[in-house]
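Several structures are given next for inspection.
In the two assemblies presented below, chain A is common to both, partnered first by chain B and then by chain C.
Here is the complex of A and B:
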């Protein structure tokens, strides 16, 4: 069979390439046969069935840790022993360069060649010069796919298979990246001690079609599902206690607005209004629920309908900012409304409320008298509302299958092992805080990050060094970690699992985003009163016909 | 004279053509090869040479995919609005500007109406949101005079009209340049003759100005028809989160979301190809019609 590559086609020119391509229009030897796992890439051993997930070993006990009595709640660290214990015995690198690819939400950082001492120190400690490509979050998904299409994939590539990099997920089973079970499965991971401390849920939830296409950058499962609110407004409005059920919650929402005064609102976004005040309070399932062996989508449930009606009533009652639709996609703007004292609530990842630049600190900077608290929305019938656990990782670090030399793969895994240094280790400080005396200082045993904006731009690892194992907020008062842990103790018992985590559906790859958009359109319309509640049935039908039922079927086959 | 000698004689012309020719070959013709993905379940990792062939399946899916049908409908609606309102707007403005006798006043107005062309869509959308939003300037003024607020920003029903008005506001001034140039090319003698024959302003417009501009109007109309299924990518994409996909999904945003974001490159390429074929057919058809009606056409 005649085969041509994209590059050779470009060289040949359109006419010649076209004729060759037509000659090559058969499927012989193409692609991966449907339903067949391509097996571990690189072709060096191990059938997919026999490959295991890596073993997990417990974190070492360190001074200053506060362990919760509630199972599943992450540890809190009021301080970390500095300079910490080394977790890596020798430099993982063997000289030369190593290309990396990651995402950033901030301004582009300085790199080693611009005098970045943090980057220089990391290179020195690793024994290999990291050569980072850092992509803004807005274009990450596109850039990742085009990088894969280009074929020149960096040796450590950040993947976000459930978030901005969803588009690349489809290509992983085609063999773009190594199935790391081959190199880390079972006790093989013990060769990389820091990777062996990655919690089991992070490994399990990062599987795609059963395979492990990256090392998950583990984080707490307590991420979303809480709200920060103006307690001082609630008190002024005559409802200072925490609401315990739906009736209380209604009164409490009105008290918040009354306490805030004219021109204030309770919520700013659709998420706060519908997801938090509506769906979590009405204990809606997490994405899907299993009923008699069949999957039911969240918006097909009665609880969802009740939550949607509640959010609609909130909007009609004037509790929601009139600019909700514009504010929803703009975190800087809706958070700005909270800091400015226009809106009573905001939402963030649990860690994002705390620390020197967290939501609470930002609010205090704008209004020193403001008093905010964080809570899990109450359940309509008492107790806590639903909380949806995080996957336990945000992104994963993948190694492209184009790297075939086992020694090089070992070197790359050694570098990732260094970047995954746990709290309490000396490498942790270098990865997360930089160079002592330059990027941070230690005062009374606490890490104090620099406030020099130019030096702060040296933070360049982003998601390459995003491994965390609990609550710790460098530069913040020690009790921030304990406060976060206390909120987590409310969240964990209210966790509702998603039965489709770890399952794959072709329809969800190609149509999932479009279907979510349809649902979002109806939700916005119904909440704002532009659509009738009765149109919910139409939304469900469009979702089912547009690929929802297809998705359901594909998931059910794997249950 | 032999072909070689003729080419040599015009060698400088060919040299001037060369950069443009190379541009078109590299960026317009060679990428046509990628359209093969329309007949494949294309994967960027596997490439065109290893992706599976699926025959005409992607084209069949175009006509049954409800999202694509909606995107096509939205595109046609927006395109029709732009054709009927945004296309003639610069012509009308050019006629008005041409009728202003004071050169100074005309230049000041021209400068003002050109200005929005140089503002990026991000800024334009923000300005419109601030002015027409629920708490914006318009609703503030309505509230002062005791009138109820209007629901424009975020209202899917208002989206087609809003997008059209934004296009007119941003591009109407810029679009007058070519029409003003055409107006200047009409000989003054024709107006003088018409005036001697006691033709009033409307008659002069109808019998002198518009016929004098007809060739440029037809030219621009034919070119516009070629991009009838292209209604502005950035402008739409920026506003999609506010108005939702039902109202604002167009063929271009569909190709972006389904192709690049959703990884369904085959369907997206097929949709893009169909769009190109329709555009080409419209240009050829309109050109043929223009010639049949006695005009020059463009080729």
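Here is the complex of A and C:
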């Protein structure tokens, strides 16, 4: 691991206790001589104003790819040419070890020294031994902050500035990680061809204060905002067509329940009831909207009020599972209700519906006769309801600024370039599927992952290899990718942008979670009937007085 | 004729029935979660729907246990937890008991009251995650099992409880031992501890259960996943954070561990510490009786 100085570490520790000023005084460990202004980017030179975002070049067209005619819809890969063409001409590593920091969602994986052939093969291909620190997802933020404070920051560190690693986000502009615009900006990225294929929205949305503190692990922008529902129930209930507007949607919801029979419900969670059936249908804005140069929060709009009232009526009509509050935070349970035929709807990210472990496959395993479809909720006045695009990346791979040797930085970027190998390349198979004949086999041109639990534990890269450029489902029928792409063609035209993406607010760091909790409590209360609709105004006032207006002001200054 | 106190009267049958009913409900409320967890762990994952409440397994199978025990992760984590719990509790007890005894000797140990104040101060204020991490790192304990043991060597609360218990032992007994030529460690080992078995058993259990249940220290201080204790592994299995939307990962991470496997790990992580309770039961009883006789 590389080490930042004790002074920097202490500064971060103090920052965690609320003293940002102390941290801002520390230039050590930022790659600049003490006393010299490192500039707001914290990089190793180069004016932040002149630094550019990396150039993006198109993905190579490969056999088996289906390109959509709708702009912005990701490509679908019905198959990948195996073993693929190499995207990296020489080993990026120069021997030795390279420490990495990543996340795990399940049991800890075994590593190369325990006989992990996948890890061994990656090390061999990279020319450097990856030495991963693997962190449980639930406590990722705490571990990341303490690791930064401790000073021994792995050379490739996974950051999730918008998700579980939010607590570390405020330290990023303090010079802990390199501003990669210096090494990848403009055409410099062309030295790392796989990184140059990262889509522009991923680069743009991953900026923090304008700087680029990591390589974004790109993914599709078509993630959330769709529902899977029991089409067979809708048909039995007498409404087999897609609902086209609010009136249709009301009838369709009732038809779903009638088709399901006694003891069935349409939705199981607050998200399905309020966000999808209420807010998306009523075309509520994405987080914020700009009105006359001023920001308006979603729950301050009339559309939100209408969506909330609609969700409340659904609950009153008995369309919502009575255990909604308990089911909402438990995906295994609310999805279980869908598989068991108790609830008509479930929601997932678009990729999560398909593939051998997707929602549709799980439903079929429990009930072979069940027929489910996926759709974007309709708009109340026709067309599609709102869909909120993803940032286009999930996490970013950062390089600590304590790494000052340009050759080492080049080596690290070379390794990240390997991990970002595009679909259709030979490196992609190694990064995502492992060693052929051991971690997977190829049958009829399709990747079939092993079912051996011990071998499955060899999957260790996690977020380090989470670069995706389209729809591909290993081990699933080829048409799954095309089905996903078809749904994406409904989603993209319905995208509503969040005007505050990429902007930061100190109030959102310090008060955002508490304010979200207040709003959530009111939403649950109003939807379930424990609170009156009139209490919405009280919720808005509490949100504004509790820091919402402060947040709004800080965002507006940056618009 | 002297009347018997109210509590010694034979209870009315209705009152008796109400008590039985109340106790029965309490037993059911306490036991049912265990029964449910065990029933799910022996159920067939294709037949059990998460959210169902079970009394008996649905499609009895031991597949979940085979899967867990045949893998390397859980058995190893169990061994780690047992080792940390045993060694950690021993270390805790040695240091807590000796310090508590020292703090009872207010006349013999200069500054003991000041030390006690410092101990009490630590009950009110804690350093926080980052300073603790820096301390453990500075002591060179990152990625060692000592990082799970040393930072909590002495619990201020447990220290105060033991000290108070020791303070109730008559000073004359200790003086008699001193006159017989016993040193302080001999007095502690041969006089004080034999008279304090009840409190020692209770505090050892507190420490033991705390070590067994601890996961946060392991998460912070252990980078090597092979060193993870069972509670951290259990947490991974049971809470299993959802990969956030759109995070297309390797197939093994997309698959959600079946509830049956989660419950099997839960049972395996609970049984060892439950086994300890019966062995300590008699000390609890004795402690209660001793207190009763002393009035």
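We adopt the following convention: the second predicted complex is superposed on the first by the 516 of 559 C-alpha atoms of A that agree within 3 Å, B and C clash if a C-alpha of one lies under 4 Å from a C-alpha of the other, contacts with A are read in each partner's own complex, and residues count from 1 in each chain.
What we mean here is this: a residue touches a chain if its C-beta (ideal position, glycine included) is under 8 Å from a C-beta of that chain, and two chains touch if they have at least 3 such contacts.
Here the structure is a predicted model, which is why all the values come from computation and not from measurement.
When the two structures are aligned on the shared chain, A:511 is found in touch with chain B, with no touch to chain C.
Legend: residue contacts after superposition of the two complexes on their common chain; A:340 is shown touching chain C, with no touch to chain B. With both structures placed on the common chain, the touch criterion links A:145 to chain B and to chain C. Legend: residue contacts after superposition of the two complexes on their common chain; A:542 is shown touching chain B, with no touch to chain C.
In the superposed pair of complexes, A:224 makes contact with chain C only, with no contact to chain B. Of the two partner chains placed by superposition, only chain B is touched by A:167; chain C is not.
Number of chain A residues touched is higher for C, counting chain B against chain C. Touch criterion not met for A:57: it reaches neither chain B nor chain C.
Within chain A, the residues touching chain B in one complex and chain C in the other are 9-10, 13, 17, 142, 145-146, 149, 323.
Those residues of chain B that touch chain A in the shared complex are 25, 29-30, 32-33, 36, 39, 41, 43-53, 66-67, 129, 133-135, 151, 153-157, 241-242, 244-247, 249, 257-258, 260-264. Contact residues of chain A toward chain B in the complex are 3-6, 9-10, 13-14, 17-18, 21, 24-27, 29-31, 141-142, 145-146, 148-149, 151, 166-168, 170-171, 174-176, 322-326, 328-329, 509-514, 517-518, 520-521, 524-525, 528, 530, 542, 545-546.
Those residues of chain C whose C-beta lies close enough to touch chain A in the complex are 46, 49-51, 67, 70-73, 128-131, 133-134, 137, 142, 216, 219-220, 223, 225-226, 228, 232-233, 235-237, 239-257, 259. Chain A meets chain C in the complex at residues 9-10, 12-13, 16-17, 104-111, 114, 133-139, 142-143, 145-146, 149-150, 152, 163-164, 219-220, 223-224, 323, 327, 330-333, 335-337, 339-340, 342, 348-352, 355-357, 365-366, 390, 394, 432-434, 449, 453-454, 456-457, 459, 461-463, 465-466, 468, 474-475.
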